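Pasting the structures here.
Look for chain A in each of the two complexes below; its partner is chain B in the first and chain C in the second.
Up next is the complex of A and B:
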């Protein structure tokens, strides 16, 4: 029983977490429902169309009943029909959602790779190397380097993703003509649709040309989106490493005779990864928000692009579906990061 | 080690772009494929459903119309090899080709014609063609290739409408078999291309229909890259991501024209740029409306925003079309504008206040033109609050009768008939007109039913003049299509601005 207790606590924690997610999702649904009812109805629709739409959407029912009916449809996977594109919203999301998730994963990877590398460099500059002089004795040259690095990260942080996107298009797309910057695939190639994740799908169908083309099309949007988040990772990682290197266990690890690389990889980096994960969790929504503009700029067929087109055409069903999908993606990402946090954090595991 | 890293980094930065000179064309450039940068997507694949002028060239790849237009906009045979409008314009007989098949292999017959222009409308399908073909009471099909359209009232422009917005023949059997939703996902037409792929808002890929009844297109594969932003389209053509693109700012078009491999064009087309006006609120007073019109220096607008390529207009039709008036000019006269305003008690010190709407980026320089007009008005004593609308919002407000006093708009008329200009711009019963005055509206309505061609055209010409003289509309400029293409890509230029990949070839 005593051995089961931690497991039970963990199950309880997971259940509480899932309940909290369900609560948030329901709140978003309610807000979305209210906002879309508050918006003025589409006066463009001819009378017959309005009548049909009212019947289809149960707009004649009382509001709570409308909400209940709408929830029922959602549970059945019925997200409505796009009035502009004349297609079911679920089908449109099935195409756009994987594209955005693929972009977000790659952008996060760029942010983490650049962030970790940069964070280590920043830490080394400020801390005077892994041996850690504690900022003392790094000398004037070291201080200058640290200040320059600080200014650099501040600059990187202050440039929004859409500006990176435009800059990359100008430099790598137009001036150097080195990278494609529209869509996901070269015009001569076909888009296989198995999972919707193009990189994966091109591998599944065994088309290396399409895979390379898809990968090249992903580079600029992913870097433009990820590069703005990298400085945050750098700064948090640097601060966490400084904190870690002041802890007793680092000293004990050194006393045990571990090399500086082993101290860094086995102890300090693991400790510093936790706040970084927390940061990624918090930035997840912002990353998807920034993806909207990046997708529009790169004509990338994701949810952001779908949302902007839907707003342009007052396509309420699509707006509703995309917002819901965004919410689901952010919550799912949070759950994943929480899980990762739980795996890496020694404290809850020990309890 | 540090030096090595720096060197390596610099090396990579320098080497990557130069080691991939053909990186943009990551695929071998095929001589039978073309990529077009287009500003907007289709509104679904049912071609009868929505009148979106910019989508017509895309629909024309997948579907055919009973009649077609040549580059000079004359009606020419399409799916129908002959047609005859009755003298009273109450019936139209068409003789369809007998060698046309849909993409699914079934043969086109008069049943499909009847389905498209009568049965599906009568069945209550939500299609815009229900408005354009509202006069159709029946379509007789004496044989598989003959169809006789019967109209409830004279329909003198019926032949032109067979080549106009939304009039694409769709397959009855297939549409009934699979239903509208499935048709939208897997459209079937008779056109020179069939749909291979559609990523909404991003790209459309079409493959040549090798069983096409007409001339076989040279291009085997057409990719339409949807790029909403004009600057992004400019970047796409400049970098070689697309081979041809349209609707860019004029200055950008001129800049691209200086690139050795590109050809830039400013093509006058059948669209007109005008101010649609209301007959109430701040524009209830005719003096204010006329003053507003007199205050606009159209030549200056053309010079500033179109390099003088856009012809100033006095009536809502283009020069050379049947409804045009050679002997009528509405002058730019700021003094007259001030005089008219003073008669109604307004002056620059005490201005008349109105609201004005414009799109931004819907056609070249739209927002800039609107701002210039607001400035011109201010000097004579009209204070206009400018608001920006997107395309969808424009239609919403127009249909609901809630547009402001003046709205800058580019009105499409691919057939150039005067009915398709003033008939829709000034008819209170149509969803395109903010002008709701019934006196003028009744005249417009009557002209729709005049069967005799000479009498009909004379009627529209008189109406165009009257509409301008009472300030019911303010025509500004003939629209100009901006187009940039690779120099080695030839295409057939149409007077209405169609850009058709089936006419393209590499030279």
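Up next is the complex of A and C:
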């Protein structure tokens, strides 16, 4: 009994979490329904075949009934049919969703890599390096340099992702002609479809030429999207490094005879992992939003481009499906990061 | 006094100058623009930038004056960003004070609403709101308010919770101040600096949102001069007339950097003062 009780409590906690997720999903559906079906005077009016659209989307029913019908379709896995592309929305999403997730993951990696590198430099500038930081002790020069560096990162943060994208196309695509900047593959290469993640699929079918081409096509969009988020990682890292070096465990590590590099890698950087994860969780939606224009500019076949095309053609089923998929991505990223958080941080687990 | 101290910070000053410059150009646009921003001169399309000519920054593919469109674009950008950010602040702050001060069920309900909205990527929600409400600057402002109030609400609610715990608030209640009076005299002033910082940052965000929406051609009429639309058009004529793309890009940078420096500088001064207060 005493051994079963914690297990039961854990199951209950998991059930509660699942319930909370379901509740949030329902809220998203309701909000989406309100925005797309209730706000517009007549959602089907601009569509080409009004009669067909009305019937297909059950617009003649009362609003609560419409919502119920829509939910019923969603439960059956039916996301509707694109009136403009004449294809099921689920099929469109199966291609576009992995592409966007792939871009977002690569861009976050770029942001974290650049951010950690930049954060270390910033920290070293302000504190004159981690060697010999005995807690406090930043000189006047260090402060000036830090202020300059911070104003610099502030200015970098003011450049929106789409301007980075245009700049990269101008410099690396047009002037240097070093990098491809439209689509995902060189012409003539075929697109294998197994998981939908192109980099993974080209590896799975064992086509190194296609993999290289896909990787080269990813560089500019991923860097353009990631670079704008790097300064945020940088600031979080710098703040947690400063906090870490004031903590007793760093002194203890030094007393145990660890080298400064070991102190940094094993203890100080570890301290920054949780705040960085928290930042990624909070910025996930912003990253996906910024990705929309990056996809459009690089003609990258992800959800952003699908959404913009659908809005231009007033393709209501596609808009609904894509926005729902975006929310699903945010929700899954939240759940995933919360899970990682629990793995890395033992404190809430004990409770 | 505080204002004077803020002005001594280089960052705040630089931000203020940039914002004031853009604001002045936007207000004076009708007086100083050399041409009607929508007038087309099809004999003079895609002229390169040449100071001293009739078109100092050249013309676009329809022969419209780039400089004039740039100035009127500033008008549009600020007429979306300023009311959008102010509206988002008013809505977000009102709900944050209610949630933070009243606590309990109100707090939970407002927290739920914030959670629901933030499950959408903000830009995506703005895009579909503009799609649903119809194009036009007014609807874009409305969309920004309906989405970005959560940015204010979330941060400010936390701050209000902290302030409400302080003794001077309890003292005000004991003295028999009404809730409204306690809020107005004891709570709001303590959170005002944070509010100003958030407002400046939000204006920068709104400028970018307006540029993105007009880049996609979803926000404004095709004729209307907007920085995003100028960038989208300028991409196609990069070799003949690079200023078509570079000028609006630079304008966005200056404006957003100005608001960010202002917000960040104010925020840092604020943080420094908070530390001083505690000591």
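We take it that the second predicted complex is superposed on the first by the 298 of 351 C-alpha atoms of A that agree within 3 Å, B and C clash if a C-alpha of one lies under 4 Å from a C-alpha of the other, contacts with A are read in each partner's own complex, and residues count from 1 in each chain.
We take it that a contact is a pair of C-beta atoms (placed from the backbone, for glycine too) under 8 Å apart; a residue touches a chain by one contact, two chains touch by 3 or more.
Please read all numbers here as calculations on a predicted model, not as lab measurements.
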Which of chain B and chain C A:190 touches, first, second, both or neither: first
Partner chain(s) touched by A:151 [first = chain B, second = chain C, both, neither]: second
First, second, both or neither for A:174, with chain B first and chain C second: both
First (chain B), second (chain C), both or neither touched by A:300: first
Contacts of A:95 with chain B and chain C, given as first, second, both or neither: first
Partner chain(s) touched by A:162 [first = chain B, second = chain C, both, neither]: second
Chain B versus chain C as contact partner of A:319, first or second or both or neither: second
Contacts of A:332 with chain B and chain C, given as first, second, both or neither: neither
Touching partner for A:246 - first (chain B), second (chain C), both, neither: neither
Residue contacts with chain A in the superposition, chain B compared against chain C: B
Residues of chain A at both interfaces, chain B in one complex, chain C in the other: 43, 170, 174, 296, 308, 312
Residue numbers on chain A that touch chain C, as the complex places them: 24, 27-28, 31-32, 35-36, 39-40, 43, 151, 154-155, 157-160, 162-163, 166, 170, 174, 284-286, 288-290, 292-293, 296, 307-308, 311-312, 319, 323, 326-327, 330-331
Of chain B, residues touching chain A in the complex: 16-18, 20-21, 23-28, 30, 33, 35, 37, 41, 43-46, 49, 124, 126, 180-181, 184-185, 196-197, 199-203, 205, 221, 223, 225-229, 232, 235-236, 238-242, 390-393, 395-397, 399-400, 402, 431
Complex contact set, residues of chain A against chain B: 42-44, 46, 48-49, 52, 84-88, 91-92, 95-96, 169-170, 172-174, 176-184, 186-191, 209, 212-213, 216, 296-297, 299-301, 305-306, 308-309, 312-314
Contact set on chain C toward chain A in their complex: 10-11, 112, 115-125, 127-129, 131-134, 204, 208, 211-212, 215-218, 231, 235, 238, 245, 249, 252-253, 256-257, 260-261, 264
